[in-house]
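First the structure, then my questions, so here it is.
For clarity, chains are labelled A, B, C and D in written order, and residue numbers in each chain start from 1.
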Amino acid sequence: MITVKYFANLKSIVGREEEKLDLGAETTLLKISEAISQHSPNMGELIREKKVMVSVNMEMVPLDAVIRDGDEVALLPPFSGGV
Amino acid sequence: MTTATAEWKVRIQKEDFNVNDEIELMKKVSRNIGGVTTFLGTGRAISKGETISKLNFEHYPEMAEKKLEELRQKAIKDFGVIDMSIIHRIGEIDIGENIVLIVAASEHRGETFKACEWAIAELKRTVPIWKRETTGSGEVWVSPTP
Amino acid sequence: MTTATAEWKVRIQKEDFNVNDEIELMKKVSRNIGGVTTFLGTGRAISKGETISKLNFEHYPEMAEKKLEELRQKAIKDFGVIDMSIIHRIGEIDIGENIVLIVAASEHRGETFKACEWAIAELKRTVPIWKRETTGSGEVWVSPTP
Amino acid sequence: MITVKYFANLKSIVGREEEKLDLGAETTLLKISEAISQHSPNMGELIREKKVMVSVNMEMVPLDAVIRDGDEVALLPPFSGGV
């Protein structure tokens, strides 16, 4: 299982904070975005259009990253901490 | 790259902090500290022309702390400061309240200014924290500004 | 050029100060303060290779305060900060104790760093204050360093 | 009368913190340095060699400044406040 986490405004776009996806031993962000598109087409598109950043196990990754079973994927809108 | 830190040095917390207390903690790190630069970010009443009544910060737990610790270690390595501490508050924050504090300490002042200014810019760019502003027209998530 | 100031904004005093209290005073100046940069100078145990056991500061009364007020007003005018406060202690100061504090507050952080760094350099250059260090070989008046 | 003030290490060079000099309605720093030289030749020389700074009524002045009766002259070694 892969855990997908949503933050800030993305939570209202997908109507959830987190979900679990079973996409086999190895998958890609593209496949994850397609799985997400089934319930939230807008969210899937934001990922494919690189309008959100993605971390895997708390490190930022590019769009072509390989995701493994057990990984924690987070979808991150642009940060706005600090002031 | 990340190693264990004394827990007070990077923190994300709901509670307010006291700048003097944080500086005193830092001064205990070395008797050779001669300069301490701090940056404190506070909640402004007006942002981009809109009147703000309240702020709310959310973070990605663990990742945000990890990124702060990476910032801290890079500041020590790249700028040669003796040490740095970074605190960011989350949850509801009123106008005028403290949001974020960076403390950079060293023998001389030059590197403390550079490290502190770099750290706050880098925090905004690399640490997963998000701000929601409450204005007359409701609550909005904020797009980042440099 | 010098006009009346709220008395807390430039001070030369024997007593210690509390950085948090000074920042809170500054925050009351405007609800639009979003960034506060402070520089704190503290007594170092080692200076130019010599072990220091104590410091002692002397000033030219009235002229030193006047020069601090000129610095404050120039910082506001030239850097566009909302306000600045400057405190320098005199008399006997132990290692690790506070010596000088500069607080620069503004809407955004950029000008607070610039104003604060400029003010401490300018203070050293233009304000009649002198330091005496007590080392193993006695008491010596200190030559300025940039 | 002109008041002359000494600060920091200059106090031990001249053995005093302050003195009053009567040099008429108008005088110069050069004449003041000569009056000081009568009790402290080293101090007079420091002024003439510009090794100390001079303020008149709390403003810095050049070596050729005119000093008037009632002025407060201060002899200032290089400042070392701030750290």
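We adopt the following convention: a contact is a pair of C-beta atoms (placed from the backbone, for glycine too) under 8 Å apart; a residue touches a chain by one contact, two chains touch by 3 or more.
Note that the coordinates shown come from a computational prediction; the quantities given were computed from them, not determined experimentally.
Chemist: Please identify each chain that touches subunit A as well as subunit B.
Modeler: Both-contact set = C.
Chemist: Which neighbours do subunit A and subunit D have in common?
Modeler: B, C
Chemist: For the chain pairs A-C and C-D, which is connected through the larger number of C-beta pairs in contact?
Modeler: C-D
Chemist: Determine the centre-to-centre distance between subunit B and subunit C, using the mean Cα coordinates as centres, and give it in whole Å.
Modeler: The answer is 23 Å.
Chemist: Distance from the CA centroid of subunit C to that of subunit D, rounded to the nearest Å?
Modeler: A distance of 27 Å separates the two centres.
Chemist: If you average the CA atoms of subunit B and of subunit D, how far apart do the two points sit, in angstrom?
Modeler: 49
Chemist: Where in subunit A do residues touch two or more other chains at once?
Modeler: 83
Chemist: Listing for subunit C: what residues touch at least two other chains?
Modeler: Those would be 34-35, 41, 44, 109, 120.
Chemist: Line, ring, star, complete or other: which one describes how these chains touch?
Modeler: Here the contact pattern is something else, fitting no line, ring, star or complete shape.
Chemist: Between which chains is there touch?
Modeler: Every pair of chains in contact is listed here: A-B, A-C, B-C, B-D, C-D.
Chemist: Which residues of subunit B touch subunit D once you look at their complex with the stated criterion?
Modeler: Subunit B reaches subunit D through residues 34-35, 109.
Chemist: Given the complex with subunit D, which residues does subunit C contribute to the contact?
Modeler: Touching subunit D from subunit C are residues 41, 44, 57-60, 62-64, 66, 88, 99-100, 120, 123-132, 141-145.
Chemist: Please output the residues of subunit C touching subunit B within their complex, sorted ascending.
Modeler: 18-21, 23, 27, 31-46, 95-96, 107, 109, 112-113, 116-117, 120
Chemist: For subunit A, which residues count as touching subunit B in their complex?
Modeler: Touching subunit B from subunit A are residues 5, 7-9, 55, 58, 74, 76-83.
Chemist: Could you pull out which subunit D residues touch subunit B in their complex?
Modeler: 83
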